[in-house]
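Both of the next two complexes hold subunit A, though its partner changes from subunit B to subunit C.
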Partner chain A sequence: MTEGPARLVMGPFNRVEGDLEVTLEIAEGRVAAARINAPLFRGFERMLEGRDPRDALTITPRICGICSISQSAAAARALADAMGLAPEPQGALVAALIHAVENVADHLTHFHLFFMPDFTRPVYDTRPWHGRMVDRFTAATGSALTRAVAARAELFHILGMMAGKWPHTLAIQPGGVTKAPTARDRARILATLRSFRRYLEEVLFGAPVEAFADLASLAALERWATGDVALFLEAAADLDLAHLGRGSGRYLSFGAYPLPEGPVFAAGLWDGSRRSVDPAAIREDLSHAWMLGEARHPSQGETRPDEDMAAPAYSWCKAPRLDGRTVETGALARQIVDGHPLALALAAEGGVRARVAARLLEIARTQLVMETLATGIRPEAAFMARGTLPRDGAGMGLVEAARGALGHWLTIERGRIARYQIIAPTTWNFSPRDAAGVPGPVEAALEGAPVQPGETTPVSVQHIVRSFDPCMVCTVH
Partner chain B sequence: MSLLCAEGPTAVEALSDAGISLLWHPALSRETGAEALALLQAVEAGEIPLDILCVEGAIARGPRGTGRYQMLSGTGRSLMDWTQALAAKAQHVVAVGTCAAYGGVTAAGGNPSDACGLQYDGALPGGLLPAAFRGRAGLPVINIAGCPTHPGWVTETLMLLAGGALAAGDLDGLQRPRFYADNLVHHGCPKNEFYEYKASARELSDLGCMMENLGCIGTQAVGDCNIRPWNGEGSCTRGGYPCINCTAPEFEDPRHAFTETPKLAGIPVGLPTDMPKAWFMALASLSKAATPDRIGRNAVADRIVVPPTLRTKK
Partner chain C sequence: MSQIETFYEVMRRQGITRRSFMKYCSLTASALGLGPAFVPKIAHAMETKPRTPVIWVNGLECTCCSESFIRGAHPLAKDVVLSMISLDYSHTLMASAGHQAEAALAETIEKYKGNYILAVEGNPPLNEDGMFCIVGGKPFVEQLKWAAKDAKAVISWGACASYGCVQAAAPNPTRATPVHKVITDKPIIKVPGCPPIAEVMTGVITYMLTFDRLPELDRQGRPAMFYGQRIHDKCYRRPHFDAGQFVEAWDDENARKGYCLYKMGCKGPTTYNACSTVRWNEGTSFPIQSGHGCIGCSEDGFWDQGSFYDRVTDLTQFGVEANADQVGLAAAGVVGGAVAVHAAISALKRAQKKTQEKVEG
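Showing the complex of A and B:
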């Protein structure tokens, strides 16, 4: 594994979605530099070339078995953009509900299955909370995990009903959704949401979801004393996770759940204040990716793998930059950009605790959003608008996956897909260095992380990496 | 991740109850990095017995046969190499999902990563492992094909294996467990009455049968999708979109748009499984002519607009 004390290669790096390798340079007990490798290339963008544009709705969700609906939503919006079509308002509402279910389930999975089990490690067995962690969060079998997985499976009944199945639905279309809900469906969806609320209030938060959604300061967060959330906060305080793995402080959100009146969670860029995002200012840098070609905007981008895997590249992941700079994306970014007071307080903190707490905040807020959306279903309405695809055209679909900003860029020529480019949230967060040598957001956040003597897989690095909740299969796609 | 949708009980509980202990799972296990590598090495060395090797995802052979498009991180070795090594130690090898079984969507288009399935390359026998490969217990690779797989297909296959109740005869001609592959997606489809009268949906969100216009091949695709529900009460056709035959090799490249039925002289190409063409044509034209008004009108609406006539006592 190790090639001397100064360099560590971490892998197989599990409890993240997909394949991830982290190479660390270590000096004086701290990470001096980190390089992130996304070691899987499949070439989905190339597979789409020459196909009927509608096939994007079948192919792109299959990039990933965890953010599948996010890919559906982005593809549907890119096609709608090319068609000049606005979805039926009620179709957009049901699509938003379907998408919100996946996103909240992803947060639940991340917290229970991916992130929390690290606190059960023997390295922490002298900590006052360790025994409770072992009871609740032992990997795969902890009592909190079993409850969360069961609650998630039941929540997904909304997807069985409205999306046919999960993952890989074709229910979300450019003009709305394929299934018109009946009054009975609406009642059943609301019943499922009440059941999910009961789980959240009895187990995860140990209090009304509104109480967590209304937290407005770090002090109020730190006073939270109920549910499994309190166990996380106790460990986070003990281990000072607030100050571990700080990010750049630049946060991007494309805006979640687009409705006719605007997105439910706002779009924007935050770097101390909120500004609008100009998607034209995105470039994908290829200098440290095993990809041939020049840095380009995704509407002009290409995906040509370098079969020789030549240095200095070290990952299949391209390096997207906004106005030439790295940005962090995800639940923390989304809630900051939306202006939630607790998230704004967490923005300056910007570390492991902030990312995990923001995800918990978003679970609470999304429960309220889902209830509002479901209540707003009007079964008598139309749920699908019809449109026609242009023979030649282009479209852009920007959505928020659980892990952050997801974009699809599509070019149609002579009725076929001529170009399809995707930038996934983890492409932003886990990008390699750019031509200026600037590390990607996670690479930068890892610098300074403590490494204990003898550690081959430093636990601090695991906390930081998992706090970003990477989806590596989406990263390169 | 679809496995985590298993209910009554959850997937981990179901496997544990069946006496299956999880050696290592990339999403579930605590062991990471050096700990995980040590475990994989011990299995490879034969120090830890491996009863069932489950593989998700296609295996990349590119670029140029090196497998370097898909390296197992921290090991300097490709998944191609690891999978061959571990398969040789396993009593049973299980391909979970159509990608692992046949290559699937990962092999779509020009197959940029030169991906294949464990024991198939598309519909051709012989993938990463040769067609003659057998697990130590004597079975070929068991293909739990589906994109996605139903969580029940996975847990039940593993329960049958653990109980010694899955034999070669329990697999179909493409090595899929027959307990779900002996059914067609058409079985139990709620659109069956529309199908009977060839009352067809014209566009997505219409209630009618999707075979004639919208690319549905549920009458040819294997799977008990409409017999056992997905995520409570779902299935593709219940969700209002067509079956695209995701349990089959090469479903990813149908040579037409997924949601459009290819036609020859206005007649759909592709017949229901085991249906003689002349009979199908004769019955289809007859039933189409006999379509009741209720069924014809509901077929092109997004909700039931004409309810069934109530029976009255004479």
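Showing the complex of A and C:
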């Protein structure tokens, strides 16, 4: 297998959310082409048809046990859009806080449980940092993992309090949230956030959260010398992860945490400069998906699985394109579009290090956002606006999940759901080829990745795939 | 069998101190509703019995069960259970990947033939020969049957594995099928809920690991110790139900007062689970406490019973206990099987007591 072009199938891919299979064509020690298969299809869009539109609030979160609040937030916004309803400002604020908690916890999970354990592999046992990695990040038992899991469980007390349970909360509604926080809840939320800050400052960053959130250049990032972040940066520099798995340089964000005055993190498309996004320019291409039908805008889209699984298709995943082009979405995109100076510096780099560093940056910034939101809770205010669903109508809900841009498109006819289409962040990132043969963002980023002789699960491929933090159950749904 | 370590040896190897071990034993005793007298018995069992290996496989699902499991629960109990589970095969948490991981699974099955517990998260879709869920190049249903063949018992985690859950919702595009319809020759413990409560998951698995036997089950195959009571019976808003005080609209004055959510579609009266006692996210709260009705996610068919915001019956006037029970019975007809459970409870309590005596003896 060391001479000439060879084919390698990696799957099941562990420590990602859901099932993933990557087929690589390898030539001269490098990945020549990659094809991503999302091998799990459940058909949520079909199940939603014919139901009470409000049931989307219960059904769609169950697409994914990791990003369930993102799904419920998108469903609530799609319904609100159809109702012509704006949530109560305080309801929007609490919904934003709940959502931010989930997103930041997702980043923490990704870093500790999914991404870092690859550095403990035997292939790296001659590296100066390997011993420390093994101690901190061995899968399931490393000391950093234990601390992170405990900190996350405690942070989730906020979701317990405000959303009843996690995963699969029911609290976010089109008009706001079901739970009006009391003054006591507010105090407990702030105490929980103080405790989470302590964890971040003692363990993850090893320094004040503000110091990391204020980093403005790659040089400043590279000088960071404390916490587990420093261990990541040391390995990233040693392995040159800055230049591994570079993306297209086109970044999409729908804007995170909508408040009456606008989203906390801005919406837009960045391809060298920031432009506004036109959701009408989205098409889902089906040429390489096991789906029947034509490329359409999601408001007109359909989900008809091809039971023959006919070639040239190779995945259940549709291929969304914006203005006919691929875009990358996620924390890096969100922070670039929001114009953070460090993120803008990372935009040009666009590889494994940039994606992981942007997630860390977003953890720091989101901690500050959560503190501001919680301080702004006014228990005496209204938390839910009431509205009526139209008998016939349509709505669109665009939010930012931890992994990036998430959209729900809903059509109501005679009081029932007539059409429901979902494009998840990982649908964008892990999409297959389109009709023009253009590979999806991850497929493109994998091209050129080095493969050592004898490697059956090339570690470079692991790093690149995981740097996108795939959520495969959301991808196809 | 002598080559398999005891639980205690595993824990010590994982750096858990004797003191923490004893604390774990007492936590386990209280979590399972056993008295302090059981602490030394649990300790003795764990010091002398070879550990029971657990293999954790994932089918058609959303990973909410794993998520619930790894982040809820008492940190110590979770660490201990988790460290034992991760010794074998877990798709979401393990270090290895690809064929290496599949090899690890084969090796584990071979090594512990007839002695391991198979924990299943999600379910197999049967349409198109199972092609809607592929693991390691093969339909999940094949992996499931293969892994179950030599298991001594199967745990069905969550509503997916137990009943099908939302992915089996009409028209059930993939024919998602609960585990017990595919595996028919093994004892199956259903731990439903979407997801199940972390403490319930650790409680069930700890019981099985510690005592090396199945917990007492109700007629639906759920552990009676956690699924023996209706949410409604232990709900802190129950007095408002009995007094006829209801929330009429989101965030109205009655909602602020914490009145009953029955009229907002709460399924607490027909749902058997521990949410109103154990609660969620380390005992912080549960859906009803956050102002939203229960959706009945631990009951079979909860996803296809009309809107989640429809009332369980059309009764508008009630307020005394007799009527509340009527509500429960009338709606139980809708949510299949709940009546049978109701009838079985007293029998189960007796059975549970018997189990405890057996442990003592």
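Throughout what follows, the second predicted complex is superposed on the first by the 472 of 477 C-alpha atoms of A that agree within 3 Å, B and C clash if a C-alpha of one lies under 4 Å from a C-alpha of the other, contacts with A are read in each partner's own complex, and residues count from 1 in each chain.
Basically, a contact is a pair of C-beta atoms (placed from the backbone, for glycine too) under 8 Å apart; a residue touches a chain by one contact, two chains touch by 3 or more.
This structure is a prediction, so every number in the text was calculated from the model and none was measured.
Asks: Superpose on subunit A as described above, then tell me if subunit B and subunit C fit or clash.
Replies: In the superposition, subunit B runs into subunit C.
Asks: Could you say whether A:Pro260 touches subunit B, subunit C, both of them, or neither, answering first, second, both or neither?
Replies: neither
Asks: On the A-aligned overlay, A:Phe41 touches which partner chain: subunit B = first, subunit C = second, or both, or neither?
Replies: both
Asks: Looking at A:Leu20 after the superposition, I want to know if it touches subunit B, subunit C, both of them or none. Which is it: first, second, both, neither?
Replies: Once the two structures are laid over each other on A, A:Leu20 reaches subunit B alone.
Asks: Once chain A of both complexes is superposed, is A:Pro341 in touch with subunit B (first), subunit C (second), both, or neither?
Replies: It touches nothing on subunit B or subunit C.
Asks: Touching A:Pro305 in the superposition: subunit B (first), subunit C (second), both, neither?
Replies: Both partners, subunit B and subunit C.
Asks: Overlap of the subunit B and subunit C footprints on subunit A, residue-wise?
Replies: Subunit A residues touching both partners: 9-15, 17, 19, 21, 37, 39-43, 46-47, 50-52, 54-55, 57-59, 62, 65-66, 113, 117, 120-121, 138-141, 146, 149-150, 152-154, 156-157, 159-171, 173, 176-180, 305, 307, 309, 316, 382-384, 386, 456-457, 462.
Asks: Touching residues of subunit A toward subunit C in the complex: what are they?
Replies: Checking each residue of subunit A against subunit C gives 9-15, 17-19, 21, 37, 39-44, 46-47, 50-52, 54-55, 57-59, 62-66, 68, 113, 117, 120-121, 138-141, 146, 149-150, 152-154, 156-157, 159-171, 173, 175-180, 305, 307, 309, 316, 382-384, 386, 456-457, 462, 473.
Asks: Of all residues in subunit C, which touch subunit A in the complex?
Replies: 14, 58, 60-68, 70-72, 75, 78-79, 82-83, 86, 90-102, 125, 127-128, 131-137, 165-167, 169-174, 176, 194-195, 249-251, 255-256, 275, 279-282, 284-292, 295, 297, 303, 306-310
Asks: Which of the residues in subunit B come into contact with subunit A in the complex?
Replies: 1-2, 4-7, 9-13, 16, 22, 24-37, 40, 60, 62-64, 68-75, 104-106, 108-113, 115, 147-148, 203-205, 229-242, 244, 246, 252, 256-260, 302-303
Asks: Can you list the subunit A residues touching subunit B in their complex?
Replies: For this pair, the touching residues of subunit A are 1, 9-15, 17, 19-21, 37, 39-43, 46-52, 54-55, 57-59, 62, 65-66, 109, 113-114, 117-118, 120-121, 138-141, 145-146, 149-150, 152-154, 156-157, 159-171, 173, 176-180, 182, 305, 307, 309, 316, 379, 382-384, 386, 456-457, 462.
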